[in-house]
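Structures given as structure tokens follow.
Here subunit A shows up in two complexes: once beside subunit B, once beside subunit C.
Then we have the complex of A and B:
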């Protein structure tokens, strides 16, 4: 079992560390998005009116689309988002509109917190491949978690134990155990619900064989999306959206989130009002479907059948949209502990295999050490560079949002290459210090380059805290590494016990 | 699921887990210079489990069955991390902190 735990953890750890870190950041996705669009101030625009402004833009720019999606201004994004599909095969297109005027916005182009959110489950590579890698790694992580529980025979007697006065290896093992065991309910929950979230990617065959190419019908029958009404080809004048939305809002207590117009301009056009999810564990959006021409209510979606309800509850538990500020801090803390469990596990692996003084490290050890450096410190460097790029890239830059992502990968890649070339103790200290300085620079750069000063107190405080944590962690790594080499006998003895 | 309800949970979980921690020889020795007597260890263990149970009840009462269990588990994780941190870096603070947590819980219960 110990063997299984070690190797299952090692091979998936690098991917899962990235997934845990970006997922933990995603608990504050809206705050990150707000910070990354500093020009925006909350604008109070009536949702129905915003929907009409979005539809007016789409009528001019996408009259032939099969579907329009208009997201109404939210607290974290006081913009009108318009998205459209020219055909079911075509990629989705989008534009951001000013909430007050309905004209394309002049706010800096950025993916905001959505970048880290998408990275969390797609790794920002080809979506399907990314989901497969994340899903497969999560499955193996679940194996590592369960085998870890079996391997760790003294869960209760070592529950509160963190021996920092003993050997390096003891310290890393205790840190690995403490962060792993104390947040174990979270680790199991988040890994399991994460796999469930990707269930349709990992196991598409059930739905595919039962519905034979008409997968949409599955979601209709599960009560998750309204039935699709084919276009007739006859044009017809649609009713204005604002009164329809007013009628929909009178039925639902949650605020309007999105309006979908299917087959715009057609006689069979439908309008779907999508509301924010009600307070509860389950992640489901109430929807009301109207006939766009007559205004009659075609369908109301909201209550789910048991299986779909369980599925959406798992989704809700994973995303923790229900969590208020205090509980959110605890979720965030658990996410940090999950990342720390993986990181300490990896450091422990390489510390336990440190070569005797005077002998050189083998290729495998050098590779693991390099990848550890490139992941555990490389990813934070990438994230810090991503935030700095948001402030430092020119606002009018073409493809600006893509450039921000490019800076993220360039900084991370550079750090990873450096880590692979020089997988030494000194590199830990240097890169840790560099990462810490980058995070500490974020509030200052933001204050200098925008007119918001230190408006984002929570975000700035988090950056400073992360900066200090990285500086402290890097110092620990370099110190413990040193003492591990000095005491190889103690290290190999406790390895035998571990 | 107000902040004060989470604080109530955290304080109760912290007091309970501190008692459980002190009931263990190794940690008791680090704080009181000696292992606890059998009676004392048993009393501490009972206190600890009661604290955790009361914390669970408080979670269910203030955040109902929908979110209560989630909040309770989250508070246990947060409180346990605090206990481990104190026991490793400031062992002398565990007892006063656990005692202080009780009036804090009372205040939080009043607000929740």
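Then we have the complex of A and C:
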């Protein structure tokens, strides 16, 4: 089963490395979003009032929509987000409003931490295709994990073994084992729960057989979504939102997160108050549904049946919204170890197949080496360029948020092409140094281009730490590679298929 | 699997037979494994003695463990034929069960 572990890991590893890195960053999504909107200061606006400001904007700009969504200002995003659907088939549209005035905001346009979050499970390509690629890779990774455990008979004794200097290959194998085994419960948990988050995309057959494919009905019966009330076609004057939200808030201890208005302006219009998740594992938002015209409470959602509770708890476990600062650091470090397990596994694959001195590397090995470089160092270079673009692109640039994403892909693509053209040991050191310099530049560029100076101490410290870690890791790869090649090729042939 | 020895020494070159067997297992694991998982999800969603939404949630959660188990089975079975047989038998049983369940379980009326 060893070869199953090796090859399943190899073919999905590049995608999963990107998923692990961006997912690990997403544990600090709110902090990243805050850093990427340096103009914003926390604004204390009463949520009900903010909902009314959002609805006022939508009344003018989307009077014919089937649904309005107004997200009230949050700590990480002190803006009013308005979203609307013109029909169930139409793509969702959005605008960001100033929390104080309700007018479109003038702060720099950026996706913030949401860019990395969406990349984490959709790869920023066509959403359905991206989800399938990520989901299928995660399933194969789960197979690689299970077969890796089966493969590793001496898991306990190897756990305490780190032969850093025995041989290049042994060192990489032990690094792969240590990072893999130390956080193994996390790797299994995060991979399985990650698949669960995509469950209804990957495995729609339960809903297909029991509900004839009516997914909304499933969520309604599971108590996760209110029933849809069809429009009557008769217009009616809706009650103001703020008093309704005040009544809803009196029943729920968590703060208001979003207000949904279905069929706005219709006699059958409903208003849904969506609250933040209560403390606990499960990823579920308490909701209260009002009749928009009479103000009567139609429905209250909150408690779930056992299986639905387990399901949402898996989602909660994956997203770790329950985690306080200390636990969040632990999740982050586990994510870093997961990324390192994949990266060391890939380096191990190519080190174990290093050609004898004097012979040229074959096409397959050169391709793997190039893809390793382009992924393991290319993605961090893209992320660093993305952060720098956030500071360096003109604030008033048209389509600014799209440009930030463009810089991310351009920098990554450039690095990947360079890696494929020159898959040498020296490229590791050069690109590692380049990535490190880019990360180290982020705090300085930010201090120079904004009036926030070094306000974001945690973010700056993280960038510096990542910079040094990349420089160190890339040096290791280039050095170990060199010595591995100088050694007689027979040194550890039996490990080649580890 | 018997091909293991050949796979351990790819330096000697893999014969087309070994390559075809490995390719066959990959195809069987991918599509056969998914088919088993899909059939079990559809069947259990109707057959589990729970409220409908609960049965769907339980069956969907189980499906990925079923798929991983099926894939590991395909790669650990002694021959490709045994691997295929090991998927075909539960596949036929699940398919028959699903057919029965779809005949007898009412799916349109609200629970």
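Please note the rule applied: the second predicted complex is superposed on the first by the 486 of 498 C-alpha atoms of A that agree within 3 Å, B and C clash if a C-alpha of one lies under 4 Å from a C-alpha of the other, contacts with A are read in each partner's own complex, and residues count from 1 in each chain.
Note that a residue touches a chain if its C-beta (ideal position, glycine included) is under 8 Å from a C-beta of that chain, and two chains touch if they have at least 3 such contacts.
Bear in mind that the values here come from a model prediction, so they are computed numbers and not experimental data.
Undergrad: Let's test your reading of the overlay: on subunit A, do subunit B and subunit C clash or fit side by side?
TA: Subunit B and subunit C fit side by side in the superposed model.
Undergrad: Can A:64 be said to touch subunit B (first), subunit C (second), both, or neither?
TA: A:64 sits against neither subunit B nor subunit C.
Undergrad: State whether A:334 touches subunit B only (first), subunit C only (second), both chains, or neither.
TA: First partner only, subunit B.
Undergrad: Applying the document's definition of touch, where does A:183 land relative to subunit B and subunit C: first, second, both, or neither?
TA: In the superposition, A:183 contacts subunit B only.
Undergrad: Hey, is it subunit B or subunit C that touches more of subunit A?
TA: The partner that reaches more residues of subunit A in the superposed model: C.
Undergrad: Name the contact category of A:210: first (subunit B only), second (subunit C only), both, or neither.
TA: In the superposition, A:210 contacts subunit C only.
Undergrad: Considering only touches as defined above, state whether A:147 meets subunit B (first), subunit C (second), both or neither.
TA: A:147: touches subunit C, not subunit B.
Undergrad: Applying the touch criterion given at the start, work out whether A:281 contacts subunit B, subunit C, both or neither, answering first, second, both or neither.
TA: Only subunit B is touched by A:281; subunit C is not.
Undergrad: Identify the partner contact of A:323: answer first if only subunit B is touched, second if only subunit C is, both if each is, neither if none is.
TA: A:323: touches subunit B, not subunit C.
Undergrad: Taking the superposition on A as described, I'd like to know which of subunit B and subunit C A:310 touches: first, second, both or neither.
TA: second
Undergrad: Once the two complexes are aligned on their shared chain, state how close subunit B comes to subunit C by Cα atoms, in whole Å.
TA: Comparing every C-alpha of subunit B with every C-alpha of subunit C, the smallest gap is 20 Å.
Undergrad: Subunit A residues touched by both subunit B and subunit C?
TA: Dual-contact residues (subunit A): none.
Undergrad: If we count contacts the way the header does, which residues on subunit A are in touch with subunit C in the complex?
TA: So the residues of subunit A in touch with subunit C come to 1, 3-4, 139, 142-143, 146-147, 150, 192, 195-196, 199-200, 202-203, 205-212, 217-218, 221-223, 305-308, 310-311, 314, 497.
Undergrad: Which residues, counting only subunit A, touch subunit B once they are in their complex?
TA: My answer: residues 157, 159-164, 178, 182-183, 185-186, 280-281, 317, 322-327, 330-331, 333-334, 337.
Undergrad: Please name which positions on subunit C make contact with subunit A in the complex.
TA: Interface residues on subunit C, with respect to subunit A: 4, 7-8, 37-39, 41-46, 50-61, 63-64, 67-68, 71-72, 75-76, 98, 101-102, 105, 107-108, 110-111.
Undergrad: Please give the residue numbers of subunit B that touch subunit A in the complex, ascending.
TA: So the residues of subunit B touching subunit A come out as 1-3, 5-7, 17, 20-21, 24, 26-27, 66-67, 70-71, 73-78, 80-81, 83-84, 87-88.
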